[in-house]
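One chain, subunit A, links the two complexes that follow: it is found with subunit B in the first and with subunit C in the second.
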Partner chain A sequence: MPREIALGDALVPGLLLVFIGSMLLLWGLDWLAGRYGLYRYVWHPSLVRIAAFICVFGSLGLLLF
Partner chain B sequence: MKLASLARLVVTVLVVLLAVLIGHALWKHYMYSPWTRDGRVRAEVVRIAPDVAGLVSEVKVLDNQVVKKGDLLFVIDRARYLNAVAQAEANLAAAEASARAAGASINAASAGANQTKVNYDNYAAQSERRQKLINNVISAEDRANAQAAANAAHAAWQQAQASTRQAGAGQQQALAAVTQAQVELAAAQLNLDRTEVRAPVDGYVTNLDIRVGDYASTGTPRLALIDSHSYWIYGYFEETKLPTVRVGDKVDIRLLAGGARLTGTVESIARGITDADNPTGADLLSDVNPTFNWVRLAQRVPVRVKIDADHLPAGTVLAAGMTATLIVHPAPAR
Partner chain C sequence: MSMTDTGTPLPASRRVVVDTLHEEAGTWLFVFKTLLAFYITGWLAMRLSLPAPTSAMLTTIIVASRQTGMVLAKSFYRAIGTLGGALVAVLIVAAFPQEREWFLVAMSLWLGICAGGATFFRNFKAYAFVLGGYTAAIVGLPVIDHPPAIFDSAVARLSEVLLGLLVSGVVSDVVFPSKMRDVLRRTARDQFAHFITFVQGATGGSIPREQLERAHLRFVRDAVALEDLRSSVIFEDAEARARSGHMELYNQRFMASSTTFQSLHHLINRLARAGRKASAQALIQLYAPIGTALAAPIEAGTAAKIFLPRLVQARKAMQANAPVLRESMADTTDRRDFDTGAALQLRFIDELYDFVDAAAALQAPQLTGGVAERMRFVRGNDVAGALLATTRTTVTMLLLGVFWIESAWPVGSGAMLLATVFAALFAVTPNAASVTSSVLLGYVLGVAMGFACVFFVLTRMDGYGLLVAGTAPFMIVCVVMMIRPSLASSGLGAAIGFVNVVGLQNPMVFDPVSLINNGMAQIVGVGAAAVAFLLVPPAIGSIWLRRRQLERLRRQVALAAEAPLPGLRQRFESVNHDLFSQVVAQTQQGSADSRALIAWALAVHETGRAMIELRLAMSGLDMTISTQRIMDDAVQALARFYEQPDAKRYLLARDAVATAIAATSEAEHTCVLLDNLHLIRLALLDGESVLAAYMPQMPNPEEIAHAP
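And now, the complex of A and B:
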């Protein structure tokens, strides 16, 4: 995984790609959870959603770097 | 209902806890793992300056040309130095001639000494004979005269001996002058040789700032020669990342130019950088910058990375000053 990528001519950290990827992934997970009503089993759905995002982003970042 | 709400709480807390742990791990990894985007390709540069002064009569290289060790770079006008050599040669010949003359004068002086010795012997014998005659065969005056003549001849002999020694000393002086003239000739020859400025290393001519007709002064650099075997990379690592960097660690190098991948090893770590807060202001007081209490900027310390030249991708062009990203792979802890 490259440490930095060129967007046009601007170099941005490679972690930004991971961030965008995990946002897309979480969108899917969110849709699934909504579809099967899994949010009934948690206390604060929005807190769990942001924590799940951090889990996905952190794991991907640690794996790829 | 009570149990269900407890389960909901537990699930939420578990997910949040996991997020905190993973987030912290990623933060630590990103902040403290030893990599930097501030790598600079560096090379050793020889600043070529002429050893003798004079007008530049020939420039044998072009800008950015590749040269081998010993190749001719430029030539200083030789006329003056040729003259100096001719002068030194003439001085040497003169010194040698006067040494020969001194040798001859030793011979002359010792011949003169022999002559005065013979004279002295003659007068001494005569005087001795006259002193031995008894009964007023010759007058007392004649006897005294003979004695005086013998004494005078003795003095003349001694004088001649002294002149011989003087001539010997003169010859030594002349021989020393010959040696002196030889050294002067060697120096003039050296100056003449140094009018041809040659490449001290294999490398690339850079920033060629010399034209035919320029006056080149002794010791003033006129072009830079980049040693082609000396490329290395300085990685400016933040001090937070430095503890994991060890000499000998493998390094992945990615040049900004086309993303070429090189490998290398950590060669050494700089043991000092200038303290940016320590310039001296007016009145000899130090000029300390104000600080944000929350934001602290990490200093960067140069780490010297040796490029693995055997595994250079084909066609890689290295130029001193290029930017590179360095990723150090710390060796397992021993």
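And now, the complex of A and C:
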């Protein structure tokens, strides 16, 4: 995957697209966790959410470099 | 052990100290979180070498709020608004690159439209419009002399704002979050407990009218407050989001059953007043099983579920009792009154069952199934108020633009920007003029502090750590002001003014002349917004708008008479509640205005609901064409009377309903319509209601009973 992508002749950093993708992925995970009440088993739900996001974004970001 | 017994209550003085500390802790936590987000954003913006770290930092100030859900909801709509605004700015600049007049006209129009949109939607959606407006100005105005830079300007603005939002969102969600979910849960539970207790307490007999009015006020407030909370809690909590549909269903059922409950009690009151003791007494007797069914104590731990089997039993008991009670009455009018009330009671217990069922589903630890039908809380928004806001903003912007061009003021864009921002931000607040004035005061203070900070403190500082140390004391003052309700708007002004004037950059520029020039321009901009609010006051809170809202409330009866039936009941209930709560918020409690309003709201509520039920019953019947026409005439006459109440239309409506009652009682199969018609008739003839002013003379009790 290239590090910069031309969208309509504007150069967009590939990392930005990965970031948006990870946001969408996280949103799906968050929906699932909320739907099945998984956050009840967790001490600090938002911290878990952030951590999950960092994992997702970090591992997807590694695809670029 | 120690001398102090834990069982004894704290001495009063000590409790005051403890409470104060407790409250202060919240304040300082807010200050800490706001400043943390503020400086992290600044540092990141400088690391990423964004052109204006200031606007990223300002974003964190503007979305700052005690509650996490509020921050996230604001951020979400702010992001949408910023995206839209940046897009429009690019379009406007691309359309008029060489023409500053046309550019300013297009920009003013867009700003006006956004202000109108913000007035139209009064909740968080308004925020997206506000942002859409002034982002376009912020992106477009600085590049007016240099159109090719528009793309960079838009991208820079977007990155700055999104960075600010991201940091504030993460900080407020992760660092000691204060969740509104608990508030929502408590509100819903209180609403449930209050309603059930009230219904149960009403078993004894008739409730005086004032108490019913007060109860109605409280029911309406509860329903609207719950909807407001729900719409921001869904941003902070995934579980609340998953249950959002259940919550809406719960609220709708609450509104439906509280309306029926009101009708029922007004009916009993009317009968009692008209001297129909037998039927009123029989209805109170029939009502008794509901009271016993709800007699279980409602505590925090008790699930709503326990009421369900009890209500089923109560319904069976009522069905068994009804014929017995009916037989006990000799008079046919008594029997008819009783039938009307009994049908209403059965409807009420069914709705109550649904309501308790929804409450039980909400309390259940595990979510079971989705919501079958999607309930929406429809708001009663006002177009005229929105048009007024559009005009005001557009005219302000045009005047400022003309002044800018004529005076060739070099910092005119700064003035225009600030006027835009504040005209948009406060377009939706009642008494915007005084709020903007206090913002102006705060802004002057902020500019003064900024001057002091830049030239006496920051010149001696080196590095980000010292920058934080140098600006934090000033920021703390602003943020503490923001959280005191009496100083909130001044504090916001001070914070924005301070951050704008300090204009942190990397490397920092120390230029007293431009700082003073910009500061002056910004103060003039805020002043222009304040003057605009004085000259063209916002519609919110004015007598004009109140009268319009009352008219809209009355027109709800026409809606009940004419709108297509599917989903009408929910639409009617929610718009009614929203309109009512808007007007109540704007009238003084206990004033003549407010009493007249509540009286109208009750009448509209009762008649409208009965008409919807009537139309629902009619849709399943096949009637002869002449009966059909008589029914339609009655419904139309009622709608016209409520639209423009006067004595003539009152008589028309009364006679039309009487004719309809006569026509339906002839045939056997149309008798199902009688209950609702009779209810409408009794409401029309109620000498204590607001309609009394239109009656030819006070009807005597006999007339009520012998309604033809």
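Keep this in mind: the second predicted complex is superposed on the first by the 64 of 65 C-alpha atoms of A that agree within 3 Å, B and C clash if a C-alpha of one lies under 4 Å from a C-alpha of the other, contacts with A are read in each partner's own complex, and residues count from 1 in each chain.
FYI, contacts are C-beta pairs under 8 Å (C-beta built on N, C-alpha and C of every residue); 3 or more make two chains touch, one makes a residue touch a chain.
Every value quoted in this text rests on a predicted model; they were computed, and no experiment measured them.
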item	value
Fit or clash - subunit C, subunit B, common subunit A	fit
Partner with the higher number of touched subunit A residues, subunit C or subunit B	B
First, second, both or neither for A:G37, with subunit B first and subunit C second	second
Subunit B versus subunit C as contact partner of A:E4, first or second or both or neither	first
First (subunit B), second (subunit C), both or neither touched by A:L62	first
Subunit A as apex of subunit B and subunit C, Cα-centre angle in degrees (nearest 10)	130
Which superposed partner A:L15 touches (first subunit B, second subunit C, both, neither)	first
Contacts of A:L47 with subunit B and subunit C, given as first, second, both or neither	both
Smallest separation of CA atoms, subunit C relative to subunit B, angstrom	5
Shared subunit A contacts, counted only where both subunit B and subunit C touch the same residue	44, 47, 50
Of all residues in subunit C, those that touch subunit A in their complex	68, 151, 170, 173-174, 177, 237-242, 365-367
Subunit A residues touching subunit C - in the complex, by the definition given at the top	10, 30-31, 33-37, 39, 44-47, 49-50
Complex contact set, residues of subunit B against subunit A	5, 7-9, 11-13, 15-16, 18-20, 22-23, 25-26, 29-30, 33, 35, 37, 254, 259, 325, 327
Subunit B partner contacts - residues on subunit A that touch it in the complex	2-4, 11, 15, 41-44, 47-48, 50-55, 57-59, 61-62, 65
